[in-house]
Structures are given as C-alpha cells and as structure tokens.
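Quick heads-up: structures coming right below.
Common to both upcoming complexes is chain A, partnered first by chain B, then by chain C.
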Partner chain A sequence: MRRLPFAAWLLLPGGLALLLLMGGPVAVLLAESLRPFVPGSMRPGEGLTLQNYRDLLAPAYLFYAWETFRIGLIVSALSVLGAAPLAFAAVRSPRPAVRKGLLALLVGLLVMSLIARLYAIEMAWGSLGPLAPIGALTGIAPRSPRYAEVQVAIGLLHFTLPVVALMLVGAFRALSPRLEEAAASLGATRADAVLSVVLPLAAPAMVSGFLVALAMCISNFIAPLLLGRGVVVFTTSLMYTRFADIGNYPSGAAIGISMLLLSFAVVYGLAALARRALR
Partner chain B sequence: MDRRQLLAAMAATAGSSAGPVFAQPRGEQLLVVMWGAQWIEVCRPIGEEWMRATGDRIQWELHAGGAMAVVGRLRPLWPRIQQNLIAAWDPVFDAMMEAGWMEPVDPAEMPALREIPDIFFKKNAQGQRMTVPLSTAGAFWGYRTDLVSGTPIESIEQLLEPRFRGKLCVPVPVNLSGLLMVSLAIQRGGNERNIEPGWQFLTELARRGNIGRVVANNSEMISAMSAGDLSVAFWNTGGWQAVRNRFPCRLLTRLTDNKGFLFNEGFAVMRGDNPARIAAAKRFANHFATAPINTRYNMPLGSGPTNVNSQAAESIRDIFYTPEELPRFAYIPDYSFMASQVDAWTRRWEQEITPLIRRA
Partner chain C sequence: MMRWLDLPLRLLARAGVLVTVLFLLVPLVVACVLSFDDRSFLGPFPPREWSLRWYRGFLDNPAYMDGFWMSVQVALAAGAAATIIGTLAALAVSDPRLPGRAVWEALFLSPKFVPTVVIGFSLLVFTARIGIFDPFTRLVLGHTIITLPFTMRAVLASLIGLRRSHMEAAMSLGATEARALWDVAVPAARSGIVAGAAMAFVLSFDEVAVSLFLSDAFTQTLPIALVAEMRANLNLTIAAVSTVFLAATLLLVLLLDRLIGIERLAGDVGARG
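Moving on, here comes the complex of A and B:
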C-alpha cells in the first residue's frame, strides 16, 4: 500500500479546514438555492427547482450584477492609481518622516472604525456636505439620487486603497534601488526610471492589488448599504434583503451561488488576461 | 468513616464554603429583541430597574432592518433559538403565529393583560391570546414645514409636483410590510388587494425623480429627514416622533383623499423548552403592559398606549383619531395578506422602481 507523501500530510489540516469552512457552507447554499420558496410562509417548499436561478435572468438583476462589477472595477483601478505613488513614496522617499508617516497613515486607515469612516464620508461628501462640489466634478449633481454612486465609490476606496498600498509597499521594497540608479547612470531621468523600470517590474503586484481590490468591492455590503441611499444596489444588498428581510433563503442562496461563479470567472479571467499581457 | 462518608463530608464542606462563589445568580437570563433608536433608549432603563428588582438578567438584541427580518433570521435556527421575547407588530405576529413559534398569554399569569382591550390581541385558531399589545402606532405621510415652501400639502397627488424633485424619503416594500404601496394604491382607488394603481403612482414619482432616498429602518429615516435635503416622508409614528422632536413637522393624518394606517406593536413570548424562562419572559412582558410602564414606554415613541389606565402624550393628540374620525381617516389593511405579498412586491420594486429612481 502506498503511503501518503509527507507534504500531503502537511496539507491535510489546511485542506480539511478549507473543506469545512468553505466547501460545507457553499454546498448547503447550493442545496438551498434549488428549493422552492413559499411566499408568506416560514415553512420551506418541497421538491427541487431552478426557478430561483431563472428569476435572476431578468434584465434588472443582470443590471445589478453589472453595476456591482462596474463600480468595483472603477474603484479597483482608482485604488491602484492612488496606491502606487503612496506606496512608492513610503518606500523610496529620502525623508524617514515621510516614509514612517505614510505607513502610519495607511495602517491607521485600516484600523479606523468602519462605521465611523462611512458616516464621515456621508457627512463630508453627502449632498449637503462640504466636499459635495468636488463629488459633482464626476458630472452627477449631488442632489440627484445617482450621486449615491459617487459616495459608494468613495466608501469602497476607503476600504481598498490602504490594502492595495500596503501590498505595493512590499512589492516596491523587493525591488532593488540599484535598478533606478543604473537607469539614472545611463541618462534616464527619475521619472523615466520609475516609469520604464520600476513600474513594469511592479506590474504583477499591481495586478494582484487590483484583483484583491475588486474582490473586496464586489463582496462589500456595508458601503452600499450606508451610502447607497437605497438606490445603489449591489448583489450583496439583494442577498441581504432575501435572507434577512423576506426570509426567501432559496432566492438569496441562488444569488450567492451565481455571484460566486461570476466572481471566479471575472477574477480568473482578468488574471489570465494580465498574465498574457505581462508575458 | 468509610470512603463514601468521607467523600460526602468533603462535598458538603466544599459546597458550604464555595456556595457563595459558585451560586447561580437568582433570576432568569432573558434575551429580548427590540428596535433600535428611541425604542431601545426607553427600554434599557426599564430593563435595568426590572433586573435590580427581580434578579432576572435582560439582554437586549436589536432588530436589524424591519422587524420581519427576525423571522427570516430565526427560521433556520428554530427551535434552537435563544430569544425569549420579540418586539414586533401585526404582520410579523401573523408570520410567527403561522409558524407556531409563539406562546399563548393569559391574564391569569399576566394580570396587566386584563387592562388591555380584547380587540388589540392577536389570537390563534383556538381563540387564545398570542400577543402582548403595548402600543397603537401608525404610518403616515408627513413633511418638514421648515423645508416645504409654497402651498401646504393637502393631498399626496401634490408630491408629483417638480418642487418635490429628490425630496421624498420612502421605505422599501419590505418595511412596514408594504404600507407605502397600499397608501399610493388608495390614492388611486385601490387597496392592498388591488395594488396596481399604487405601482402606477409610484412609477410616476420615480420617473419624475421625486424619490430622493429609500430607507430600510428607523435610524435611516430619522437621519435622512434630519439631514435637510429631504422634506417629505412616509413612515411610522416612532420615526416621525424623533424627527418632530427636532424639526417642525406636519403629519398628514387627516387627508380627505387618503388614509392613515394603524397597527399594534408589542411583545411575542417565544416558545421554548425552559418553563422557568418562559414564565420570566411573561413576567417581564406583563411589566411592560402595566399602566405606569406602558405610559412611560409610549410617551417618547409617540405611540398610543394600549393599557386603558395609561396616559397618552399630549404631543400625539394630532396623530390619533377619535372613534368618530376612525372610519373617515384611518385604514387597517389585511396585514396577513400583505405579508404574503412582500416577496413579490420587493422583486417588482427591484426590477421596476430602483432602475427608474437611478435614471431620473
């Protein structure tokens, strides 16, 4: 009888934990998504059905899924754009105070109360807030319901920016400063060295940061709930309504499974595209 | 002394010396579900006094969203639930009764129930009382008079006017079990069973961009109506009372072409396998139903007390109706029917109304 290799034994506890923590709940969710819902009753329906999935093909639900990904993609791109200079300065600034200050700011943003951050955004960027005129530069009037989209994006950016920046700090630290010095010795300006040497080398980390930010955005629930004014609806909000407000577990489960598959497809699809582009 | 005697003596000594250390605190541990905002503010001190007086330990849990949410949350856990008392209102009581989760209540063990008119109780098929009614509350249209200039609102048809663009604060259908839809339907000649006219009215409001915010709970409504960019809302008396405490408001309780909605709020005693705990839950609910506590509970909520010996707040006289006014201005819909429609109404809202609000 063949014995399991040592590495397999080492993987076993983690694999079992993953199976129990992820596989189990997802399997239960999948089973629930195939059950019929009986309106007005707390008792589950009998038999199996695909109706909960068919309902999601209505244009409005495809729109909500698209909205979730659209806002997520915009925020993820803004996160990488905003985080890269911050992370670079936190690693390469000649002034220690700047490096320490930036790192403290990024970590501080992560540990600050989530609810406090979101309500602060509501007060500052809300339609009557002092920063609303800046929000209006997006072309959406602060008094229109659609302006909630701007607020949700800012709320999500608060979540993603420090995480992406800290990821990039690690990536920039791993790059030797000698590379920039070598470029400079060959006549490159500092900007040229950063754009043509540092950024291409940090690109895989930036793609990873983008994908992590996207995953954080599309699974976020609290920012659209508190800042969305009831009109920016993410698929997470739809799931919450089904589970918590109506008690329609089968429909909530169907949304959950669909989003899980869609998210895997988008994240792995984008990762594959990025790999091909970076080759 | 043999081994058994020695062990018994040791146990007795340990028991007597460790008694005060290991003694269970007297009273029962109760988990009570209550709404947030001013509901929990008024309940906490009442609960603390009760704990000091009885030794029972009250732990509060807040409703997340509308009270109906708790039903969805408890469904997969039933019967292994920790909650002993749940504050809810008519449609939620109907749903929990249908599921068989509630314990009957009886004046023999809860004497304060004798002081509550029989009409306020929800009863099961056997005629047993199933709820502890604490408040008569309502849901009404209203507006902040400091923010609405020009002609005062006398009909909700006026809400279609351009001056109300982005000014309306409305609940999602799952909140108040869809009373917003019923109100709009009544305006156009319908009711809860003929809801289509309500959807048409709602579609007009959304298409014109007059709906500025959709709220899902009391805190959101109070915060939205306090911010200053919204001026008109449809909400319950509790939320309105909190807004009225800070800003001048007019509640449209006596519209000639529409109705106000009345309902009862109170406690449901949850079934369980611990009779002592159920008895403690009933004692606590009975305490809330006594005249002094019923008065104290309802005053800050802006709702009417149910105990005939309680006093109603002066500030809510304009909200509630005299018996002669009731048929003219008030409407009590079929909440059980509405509870069965909430899923369909929510889906329709998501598919038709939210996209319109966003596009407007």
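Moving on, here comes the complex of A and C:
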C-alpha cells in the first residue's frame, strides 16, 4: 500500500469540519426539503415529495427571485465599474501615499462591521440624510416606500465594491507595467494603453469579480433586513420567515437548497462559461 | 484613438476614483458626526448641539454589554478554531505532492458561497438531530465553518512565495516533515495566518444570519441585539456603536500595517474566487 503523504494528515481537521459543519447539515437540509409539510406541526410528515419545490414556481416566488436577481445584477455591474479605476489607481498611481491610502481604505472596509456600514447608509442616504437629494436622482422620492430598493442597492454596493476592488488589485498587480510602457513606446497614449492593453488582460478578473459580487448580493440577508423596510424582500428573507414566523421547515429547506444551487451555479457554472468565452 | 481624448479620459478616471472613495467614506463620516448629536430624535443633518448621551446609552444598556462579551467569546473561539484548521489545510493544499489539490482548495473555499442563512438553518436542523442544543457551542460551530475559507485562503496566498526547496533543505538536514513545516512553512505563512485570524475574528464578531438561527433568547450576540434595536426603533445609539466600530477598524488596520504591511495584507485578504 502506498503511504499517504504527510500533507494528507493535515487535511484531516479541515475535512472533518467540512463534512460535519457543511456536508452533513446540507444533506439533512436536502432530506428535510423533500418531506411534506404538516400545518401546525413542527415535525414534517412521512414520505417523500417534490411539492415544496413545486410551490416555489408560483408567480409570487418567482417575482421575489427576480427582484433579488435584478438588484444583484445592477449592484454587481456598478461595483465592477467603480472598483476598476479604484483598483488601478491603488496599483499604478505614481504617488505611494495614494496607493497606500487606497489599499488601507479597501482593507479597512473589508474588516469593518457591515451592520455599522448599513446603519451609516441609512443615516446618510435615508430621507433625512444629507445624501438623500443624490438618491432622489434615481427618480424615486426618498420618502416613498420604493426608495428602500435604492437603499438596499447602495448597502449591497458598499459591501461588494471593496471585495471586487481587492480582487482587481490582485489582477492588476499580476500585469507587468512593461506592457503599458511597450504600448506607449509604440505611440499609444496613456488612456489608449489602458483601454487596449490592460483592460482586455484584466477582463477575466473583472468577470469573476462581477460573479462574486452577484453571488454575494443574492445570498445577502442583512441588507434587505435592515434597509428593505419590508418592501424589498430577498429570497434569503423568505427563507428566514419560513423558519421563524411560520415554522414551515420543509419549505424553508427547499428555498435554502434552491438558493445554494443558484449561488454555486453563479460562482462556478457561470465562471466556467465566462472563462471559455474569453479564451 | 484620438489623441485629444486622452486628457478627458484620464480626468474621467480620476473623477471615478474620487466619486467611489466618497461613496465609500461619506456615510461613515455622517454616522460618526450624528453619534455626537444631542437631540433625542433623528433630526436633519448636521446636528446643532453636541453630547455623549448615545455613548452612555450604549454603555448603560445591559443587552449590548452582554451581547458584546458573548460576541467576543464566540469570535475568539471560532476565530482560533478556523485559524488552526485553515492553516493546516492551507499547508496541505500548498504541497505539490498532494493529489487533487485544486479540488481540495475549491472544497475549502466553498463555504464562502453557501448563503449564510442556509448554513445557519441547516446547522440548526443538523445540531438538533445529533443532540447539540447548547447555543454557545452551536454559535462557535457555525462561525467556524463560515470563517474557515477566509483563514485558509489568506494562509494559502502567503505561502505562494515559499520554495519547496527550503522545506527539502530542512528535511535533508534531518528534520522530520512536521518539523520542517513548523520551522520553515509556518514562519513563511505568518502574514497570512495573522491576516486570516483578523478576518475570522471580525467576520464572526459581525455575523448576523448564522447567529439568528443558532442563538436563543438568553445567548444573544452584539449584532443580534443591534439588529433588533435597529428594526424596533431607529435611534442614534447605533451611530455611537458604529463610530466605536470605525475606530476599532482604524486601529486594526494600523496594527496589521505594522505587523505585515498593508501591501502584503491586501494581497493576502484580497485574493478571492
């Protein structure tokens, strides 16, 4: 018998943690999602059914799913758009203080409490906040209930933008500045070099940044909870009410499994497709 | 491209950077200023009178203080567990002789893409099934699995520069593999271990979704208490808490910059996906 490499032993605690804290629970959740719901009882009924999943195809659910996705797509696009120049400046600015300041800002936001940031957004962008007039430029009045959508989007953008920016910092660092110098020596302007040399090379990282942002948005729970005012309901919120308010575990489990599949499809499936398309 | 477009485009990029930085910073400044507001209600910005009443309100509220200590304990326990497990896993995955390295790496990163509500809900059902009902244990377990990808990733990123030949040199001088890892690889991974541990502590300290499912009425973390307060009545106590969080974040970033340097840190925590 071949001796296991020493490294394999180091995987043991991690493997156990994955198995017991993720694999096992998700398997139990899957089993739970296939049980029939007995109204008024905490225990699921006997037998197996797909009814909990069929229920999710009702127009009301599809509407919430679409709402979640729509906001997620907008926020992800904006976060790549905002993160790219920021990340580029953090890597290529000629002034070391600018580079360091921007990196410190991004790392600081990454480790800063999201609750505190969402609260700050409520204070700054809410109807009494000093930034409300800018929020009104979306065409939705800050006093109207629909403004919650704008606030949730702003909250999610504040959450995803630093993450995407740091991903792009990694990508820009990996590109040699020689490429831009070469373009410049061939007569390209600075903007030209960035647009025609740097951006195409960074495109794969921008696509994965977009997808990670999308996955972060659609699985986010706290932004719609704190800023949604009950008007913006994400699928994550639905799952929580299933559990907390109605006690319908099988249906909550079915929503959970669907969300899990969706999130993995975005991160791994779409990413693989994008890689192939960019090649 | 037209040469005359160069300047406008560069100005546009600069404006983009400026707008993004303002977008990220202004809300934090607003909350910070409001936390010193003397008015007892939420009024228009900026405040006219100043006081520390919201800070006293926070310190005098036992729900917040209990939650704070609970969060510290959970974050320390889960952060330590995730750092140790994640470091071991990263050391294993960085070994070129390990079969299926890419698969293992993807597996260890995967909890990051499981929505936290799903982790919370499934762990609730699972721990009930296997007979774990103690909320503290449940919280630590839940927080360990959600922070594990971050510690693993940070350590792995910091190990990229480690040369296999250094390990082999140590072993050719008679070190066992464990000894070589401890003396060569672990010191090389120091920045990633520190960055990962900091990330794990912070993420656990701020976690809401998992904690909502796994805590009970007597075991509340600080975020749970804050979220309950924010949903019940929006007042400025939370502005004071946010300002404290902001100050703590600044200190943490300064400390991490001292320990490992911000450039390296950005590489360790930034590498994702």
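Following the convention adopted for this analysis, the second predicted complex is superposed on the first by the 244 of 279 C-alpha atoms of A that agree within 3 Å, B and C clash if a C-alpha of one lies under 4 Å from a C-alpha of the other, contacts with A are read in each partner's own complex, and residues count from 1 in each chain.
Please note the rule applied: contacts are C-beta pairs under 8 Å (C-beta built on N, C-alpha and C of every residue); 3 or more make two chains touch, one makes a residue touch a chain.
Every value quoted in this text rests on a predicted model; they were computed, and no experiment measured them.
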Fit or clash - chain C, chain B, common chain A: clash
Contacts of A:37 with chain B and chain C, given as first, second, both or neither: first
First, second, both or neither for A:249, with chain B first and chain C second: both
Touching partner for A:86 - first (chain B), second (chain C), both, neither: second
Contacts of A:231 with chain B and chain C, given as first, second, both or neither: first
Partner chain in contact with A:8 - chain B first, chain C second, else both or neither: second
Comparison of chain B and chain C by chain A residues contacted: C
Touching partner for A:128 - first (chain B), second (chain C), both, neither: both
Chain B versus chain C as contact partner of A:110, first or second or both or neither: second
Touching both chain B and chain C, residues of chain A: 128, 225, 243-244, 249
Complex interface listing, chain A residues touching chain B: 37, 39-43, 55, 58-61, 63-64, 126-128, 143-146, 225, 229-233, 238, 241, 243-249, 251
Parts of chain C lying in touch with chain A, wherever the complex brings them together: 1, 3, 5-6, 9-10, 13-14, 16-17, 19-21, 23-28, 30-31, 34, 42-46, 84-86, 88-89, 91-93, 95, 97-98, 104, 107-108, 110-111, 113-119, 121-126, 129, 141-142, 144-145, 148, 152, 177-178, 181, 198-199, 202, 205-206, 208-209, 212-213, 223, 226-227, 230-231, 234, 238-239, 241-242, 245-246, 249-250, 252-253, 256-257, 262-263, 265-267, 269-273
Chain A contact footprint on chain B (complex, rising order): 64-66, 68-69, 71-73, 75-76, 78, 95-96, 98-99, 101, 166, 172, 174, 209, 211-216, 227-229, 336, 339-344, 346-347, 350-352, 354-355, 357-358, 360
Interface residues, chain A side, partner chain C - complex: 5-11, 13-14, 17-18, 21-22, 24-26, 28-29, 32, 81-83, 85-86, 88-90, 99-100, 102-117, 119-125, 128-131, 157-158, 161-163, 166-167, 169-170, 173, 188-192, 194-196, 208-209, 211-212, 215, 218-219, 221-222, 225-226, 236, 239-240, 243-244, 249, 252-253, 256-257, 259-260, 263-264, 267-268, 271
